[in-house]
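The following blocks contain the structures, represented as structure tokens.
First chain A sits with chain B, and in the next complex the same chain sits with chain C.
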Partner chain A sequence: MNLEFNEDQIDTLKEFINISMGAATASLANLLDAFGTMHIPKIDICNSNELAQKIESTIDLKSMYYATKQLFTGRFGGECMFIISEDSAKNLGRHLYNVTTPSRDDINDAVIELTNILTSTIVSRLTQELNTQVQFFVPSSQFIDANSIVHCEDVSDYSKIIIISTILDFKDQKINGNIYILTKDEAIESLRVLIDKRIEEIYG
Partner chain B sequence: MIALKYPDILLDSLENGHMIIDDKFIVSYWNRWLSINTQIPKGEIIGKSLKEFYPEINYKVFYRKIRTALVIGTPTFYDTNSSTKFISMNRNKVTTSSLKLMQQQVTISPYILHENKVMVSIYDISELFEAKLLIKKEIVKVSRLNDKLEAEKEIIDKNIMMVKTSFDGIIIDVSTLFCQFFEFEKDFLLGKNISIFKSPDIPEATYKELWWSVKNKKSWSGELKNKTSSGVEKWVQTRVTPIMDENGELSEFSAVYHDITNEKLLAQLYITDPLTKLYNRARFDEVINFIVKHQRKADTDFILVIADVDYFKSINDTYGHQVGDEALVSVANSLKNSLREDDLVARWGGEEFVIMLKNVTLDEAKMIMEKVRESVQKIKINDTISITASFGLTKYIIGEDTKKTFKRVDDALYEAKNSGRNRVVIK
Partner chain C sequence: MKILVVDDSKIGRMSVIKSLEVIKPDAEIFQAVNGLEALELFRQERPDAVFLDLTMPVMDGYEALKRIMEVDKNAQVIIISADIQNEAKLRVLAAGAKNMYPKPINDENMVQIFEQDLSL
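Let's turn to the complex of A and B:
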């Protein structure tokens, strides 16, 4: 199984991801009435046991987080993870439910809604660019401490993973979170094939 | 592609609820499952707003989710773990149910985009949710037990002397108390063989018995003497337990120790004559009573001897009690050194000593005691004062009352005294 990407493939993937992230920002503004920015996404192809370390490097290990995971399947399948701090999640709950003190249920639902919009838009747009289809599953959210977000042993069955990560920032609402699109072995190979096909279509 | 002829039948046969609704919440389809579980028939709700039937739904949030599905063209969802139900439905499960209301997964999928219609699908995930709750409860229980176990482990570590070894006796763990008691660093002990604690004072047979027991998957209990790193001798009550692996094969040993040094010292004091360091009369009584009571063949074959220092009162009166004590210690040492380890020698009281010679005939005993008498005769206190002793001997007759044995041996001693002292007489 060839899991290596050449420079052209990486450039194309970056371009598709940028388009997808742009679409996600527009969707959020339109649907949630929140004007946010997304940082330039980072693409890492690494060993699966590095995932926990990569996530831990972007969050405060002493804080509590809402971690929402949503699976998507198809030729390009994987998992989208959105990690948002307790304070940001409360602000999101306030904003979406229009209440001063949102309940835990309100916050969870708000986080799930935001994750779903992000995942659906980013992955749909990306797969649209790659001329393939995906199906989305119901997201699940957990309120957990930073150390429990990823357990190394949970991902150790995969040899390689792609981590596409960015930061979402709604300055007005004081909401920000980290988005990770994770995909593994077979899906990485599919992604590489799909990118090649698309390069062929675009550049002939 | 073949169009489905009877989509209504298909949707009615599904084991979950499906409704078609627009962004004004007007219901245009309501499947059989919903009719049954909500008790609202299809005919009653179609064409009407859901708000009339379920005013408690947060329609602002619901509208946003409908719009999201329509705009993005992918499904939107409600939180499946939420305690707020989209549409409240009772559960009919009678046995072992922790949920009174149905836990739902609600998916809003785009249906006809230009008519702003979506399909709302409701799945009953109560069983799954119950299992999740149960697992959560069990995890909390396990976590509490783990905390308790950790706390208890710490208590054990600090309060119980414990060693764990591999099958071949290599120390793999030791408790803090064990290290403190024997004055060793844990790191020093780990990896060493447990035999470093072996004492030359404990018979080799004891160690053999210990290893035989544990290698045969049996626990062993007994008293062992060990030295601390600074050389202090300690007695420990020890229990060694074999630990088996999942196949029932020996894998490790664990040993628990209890300090009995003080008890041992007290016990020693209880049976020892403080002046001569021989056993005292209490110990001799204990042994002879045990023999008489149990009448074991190996024990009952013995000769009883009473030795009495000649003219002891005169030594005391002439040279003082200190010299008298020295004389008693010298006789005691002479007796101990002239007899076998198996023979029991005790101070009977005053200047009298009692001896139990095992497995010898009367004639042999007489010869032995003659030699003892000669060795006593050679004693010189302060290089000048000579001592002699008289000896009475008799054989214990199996089954007889020891009063009779003592009467005979007393008579023999009396005769030795009356016939000139410094002699051995048999009765």
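Let's turn to the complex of A and C:
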């Protein structure tokens, strides 16, 4: 199995994520009536035992987080994870429900609503760019500390993992979070085939 | 006709160039991978039109647009971006861009750009 990506494949994947994140940011900008700043996505291909460390390096280890995971399957399958700190989630609850002190339930609802729009828009738009389709599973959300975001049992069956990461950033509202799309082994190979087809179409 | 295509992504530049080759096959095309490179090439080559991405390292498209308009207030800049927020469009139009299109751009967009947005 070839799990390596060349420069053109990484460039293409990055650009498709950029387009997908653009669509998701616009939907959330409508929901929040705010302006989101776009960031350049990052692509990391690593061994599965490095996953926890890679994710921990992008967040503040002292904070508590709402972590939402949504699985999707199809020719390109994987997991879309959204991580938002407790402070950001509070700001989201405040902003969305227009209250000074949102309850834990308000915050939870707000995070789930935002995550649903975010992950489904990103993954749908990405699969549209890749000319394929996926089925979504129901997302699950947890309120946890930074060290518990990645569990060993999540990754133990895989050798390689692609981490596609980007940032959701509504500066004025102080709402930001990290998005990771994780895809493993066989799915990496199908992803590469799908990307090659699109490169062929655009370069050809 | 000289055209400058600016995008940090190669596939982003290629999709613009692919449409340009259909609609304006005689155009001389220059490429830049960030705003700073774009600004230098703009000064050197004085292209008739610029296709500019927004999200880029080193110097983003907002800053590049501002600086290009400072060099030539009549510069003809079209923004091609993944950012499809209304406010992004309002910002670039206020800064002097002729129009903004969502990525990926297609041939119909390119026809419209040359027929309606650019005055060449």
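Here is the rule we use: the second predicted complex is superposed on the first by the 203 of 204 C-alpha atoms of A that agree within 3 Å, B and C clash if a C-alpha of one lies under 4 Å from a C-alpha of the other, contacts with A are read in each partner's own complex, and residues count from 1 in each chain.
To be clear about the criterion, a residue touches a chain if its C-beta (ideal position, glycine included) is under 8 Å from a C-beta of that chain, and two chains touch if they have at least 3 such contacts.
Because the structure is a prediction, the values reported are computed rather than measured.
Q: Does the chain A-based superposition show chain B and chain C clashing or fitting?
A: fit
Q: For A:Asn98, using the defined touch cut-off, is the partner it touches chain B, chain C, both, or neither? Pick first, second, both or neither.
A: Touch status of A:Asn98: first partner only.
Q: By the touch definition at the top of the document, which applies to A:Thr121: first (chain B), second (chain C), both, or neither?
A: first
Q: Report for A:Ile202: first if it touches chain B alone, second if chain C alone, otherwise both or neither.
A: A:Ile202: touches chain C, not chain B.
Q: Looking at A:Asn108 after the superposition, I want to know if it touches chain B, chain C, both of them or none. Which is it: first, second, both, neither?
A: A:Asn108: touches chain B, not chain C.
Q: Which partner chains sit in contact with A:Ile40 here, chain B, chain C, both or neither? Use first/second/both/neither.
A: A:Ile40: touches chain C, not chain B.
Q: Would you check which partner chain A:Ser141 touches, where first means chain B only, second means chain C only, and both and neither mean what they say?
A: first
Q: Which of the two partners, first being chain B and second being chain C, lies in contact with A:Ala29: first, second, both, or neither?
A: So A:Ala29 only meets chain C here.
Q: Regarding the shared-chain residue A:Thr12, is it in contact with chain B (first), chain C (second), both, or neither?
A: In the superposed model, A:Thr12 contacts chain C only, not chain B.
Q: Can you work out, in whole Å, how close the C-alpha atoms of chain B and chain C get once everything is superposed?
A: Taking the overlay as described at the top, chain B lies 13 Å from chain C at its nearest C-alpha.
Q: What is the shared patch of chain A, the residues that chain B and chain C both contact?
A: none
Q: Please give the residue numbers of chain A that touch chain C in the complex, ascending.
A: So the residues of chain A touching chain C come out as 8, 11-12, 14-15, 18-19, 21-23, 25-26, 29, 35-36, 38-40, 129, 199, 202-203.
Q: Which bits of chain C are touching chain A when the two form their complex?
A: Going by the criterion above, the answer is residues 8-12, 14-15, 18, 54-57, 81-88, 102-104.
Q: Name, in rising order, each residue of chain B that touches chain A in their complex.
A: The touching residues are 58, 60-61, 64-65, 67-68, 71-84, 105, 107.
Q: In the complex of these two chains, what residues of chain A are touching chain B?
A: Touch residues, chain A against chain B: 27, 30-32, 96-98, 105, 108-109, 112-113, 116-117, 120-121, 124, 136, 138-141.
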